[in-house]
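Next come two complexes, and both contain subunit A; in the first it sits with subunit B, in the second with subunit C.
== the complex of A and B ==
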């Protein structure tokens, strides 16, 4: 008679766990190492040292002024609950016009009045930003309208196709259409 | 189930809570510990953020005076915000925007208004916070999954505390008769250390794990668009309240000290420490600082045109729930009562990191000795088996 029972062969999953459980640490440590370059890219992006945003969309003529527009990130709009979807744009005013411009607005589709001019830019004239509401039923050929109000009371408008302003938003809208 | 086997289970649970991810937990604890004093570490390393007094009788500038000095030195830059740190040995910090689009932080001497330096590319404080808080996983849409990964640790940490107190019989006796045996081998030393630092850290582990779990809950609420805030959208200045300009340039504005004075007149308990200057023609300038309660800020929004107070958010405007939830972050970081509180948090953070390490050492030593014992037993049994005849074994 045997005094020592032969141990039953452990389940493969159990064996796998026993063999590799401490290697979980290595996997976890690899995460921040892998994201480190991305972290420094983001720091440069937020400090405005890698450009106005991740992708510069171009310059829009608005009456006597110009506005350089950029996507903060080349990502589709982000959801903000019931308020809908928003896309962050950054912008810089033309050199020498920061004293003359009172306010800058961004909107998909042409605004009917100054009161509905859209999202108001916030920040310094060298780099300001706003969150543009993007309705899910926006057409592919929509224009993004820039409205600028001068301290002298004048109002000027200019536009850029959404396809140029944010290709990622357009692609997202097209996917939404396909899904419906 | 017998009492003994029940406590054995508790013990097993306690030993296994952090074990497979011990290194991850250790790094999170160590980076958190460093983060509590990261500002002080930067102070030691970088003279730009210190606040040297030019002469023994030099007086502090008001925020408005400092702003004026900065603007005069660099007329092209736009100041976005200006902050006076809680501790007087730190320089003022001004978030600014340059014509090239970059927006670094400037360190400004609080006595002279001289710009002492620009925040370096590698911000140690920000980096330790990012590593500790979200494991460097970027935020793109809502909270980063790294945030979930780290804040999830609050739960096993809380469980470690509870199970630790269950398996440590009559732990309160440890307060009266502390025991740290130095000369009886590493296993005994680390065991004593783990228990002793554990009971003295009960409050700290509870604070860190509960606030950590709150961070998890906060992310869950945010990502599901559930708000518990009683704070409305900060108002803008009405169109007709912005004065018309005679020329094509902006109308005159109050200087910063006048705006701060308006804010303090409205809310006398406000200790103005931070100002966020208007970000466009319709936005208020916000003055922020603490009141009687050290864990939360009060905010007053003032119109830069006429000093009209357009927004007030005081301690008493918060709901009871917000008092609790808004206190969570300062309680976690220890940044609410100056250097001494930070140092206490640092010390207990170090102790907590050591507890992770000592827990691991105890476990490995116990397991090593248990394994060795088991092996010895088996070998002996095998030898016995080969040497004895079956008949003898039966007998």
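== the complex of A and C ==
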């Protein structure tokens, strides 16, 4: 007499897994959807649709010109290895200034000379950008200096307190001091 | 494609994406040190790891007088004797690409 081997009945959990595992594909749609709000916020920020940056610091008078300064993101400075810490700022020249201004620099502390005027803004005059070096020993009452060089050779300077330019940077500096 | 290969591919893409972000950063850096307090050695470069041979590096007094003009050597470094007065070192790779090192910030190794 022959006996026929019957396959063992799989465990209900295993059966459930084999039946439904393919529906994990839904996650391929749901997970990216979760990132969409952040993505569109970033796109608006990079395209300037949500303003000059995440936080506008104000307008700095620089001789006959004005510069509107903004933090790209309201985050502490980012580390760039041995080069130290950098904070990204955006800026816009005043109406009619773009024809007159050759270069715009940003520096913490008053520049010693035009040669050492600091980080150079680049990009469209309506939305320029630069990475400002932030020394870790910067004082709480430090000023952020804007140096502008005109095509006529004139150089003008203006400043804004770091506390107004970037409260997040000031808070980060104070935390650095507390940590030390 | 099995799961292991998929994970390897994801990891590789993540590493490449991270590396792209770091390669984009091109901030100048200048590190100076002295062993005996007399001879100062400075090394210049950029935060993406590239060197800066031939880039101007000047030793300048607080009165804006260039005390020691110089350029970085093939190894992106230069050595000079400490001046007798207050000074700062200016690594100058072009407008906006400068690093200042004050004489008070030079560590003794």
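By our rule, the second predicted complex is superposed on the first by the 149 of 180 C-alpha atoms of A that agree within 3 Å, B and C clash if a C-alpha of one lies under 4 Å from a C-alpha of the other, contacts with A are read in each partner's own complex, and residues count from 1 in each chain.
By definition in this document, contacts are C-beta pairs under 8 Å (C-beta built on N, C-alpha and C of every residue); 3 or more make two chains touch, one makes a residue touch a chain.
Just so it is clear, the model here is predicted, and its values are computed rather than measured.
Among the partners subunit B and subunit C, which is in contact with a greater number of residues of subunit A?
In the superposed model, B touches more residues of subunit A.
So in the superposed three-chain picture, is A:172 touching just subunit B, just subunit C, both, or none of them (first/second/both/neither)?
neither
Could you say whether A:145 touches subunit B, subunit C, both of them, or neither, answering first, second, both or neither?
A:145 sits against neither subunit B nor subunit C.
Which of the two partners, first being subunit B and second being subunit C, lies in contact with A:120: first, second, both, or neither?
Both partners, subunit B and subunit C.
Applying the touch criterion given at the start, work out whether A:65 contacts subunit B, subunit C, both or neither, answering first, second, both or neither.
Neither partner.
Go through the superposed model and pick first if A:86 touches only subunit B, second if only subunit C, both, or neither.
Only subunit C; A:86 stays clear of subunit B.
After superposition on the shared chain, which partner residues are touched by A:131: those of subunit B (first), subunit C (second), both, or neither?
A:131 contacts subunit C only, not subunit B.
Of the partners subunit B and subunit C, which touch A:112 in the superposed model: first, second, both, neither?
A:112 sits against subunit C, while subunit B stays out of touch.
Residues of subunit A that sit at the subunit B interface in one complex and at the subunit C interface in the other, please.
Overlap of subunit B and subunit C footprints on subunit A: residues 80-82, 103, 120, 122.
Of all residues in subunit C, which touch subunit A in the complex?
Counting only subunit C, the residues touching subunit A are 25, 27-29, 31, 46-47, 60, 62, 64, 88, 90, 92, 95-100.
What residues of subunit A sit close enough to touch subunit B in their complex?
Those residues of subunit A that touch subunit B are 1-4, 21-22, 24-25, 28-29, 31-32, 35-36, 38-39, 42-44, 46-49, 51-52, 73, 75, 78-82, 92, 95, 99-100, 102-104, 120-128, 150-153.
Can you list the subunit A residues touching subunit C in their complex?
Where subunit A meets subunit C, its residues are 80-84, 86, 103, 105, 112-113, 115-120, 122, 130-131, 133.
In the complex, go through subunit B and note every residue touching subunit A.
Residue list for subunit B touching subunit A: 19-24, 27, 78, 80, 97-104, 121, 123, 126-127, 130-131, 135-138, 140-142, 146, 149, 225, 236, 242, 244-245, 247-251, 279-283, 378, 381-382, 384-385, 390, 393-394.
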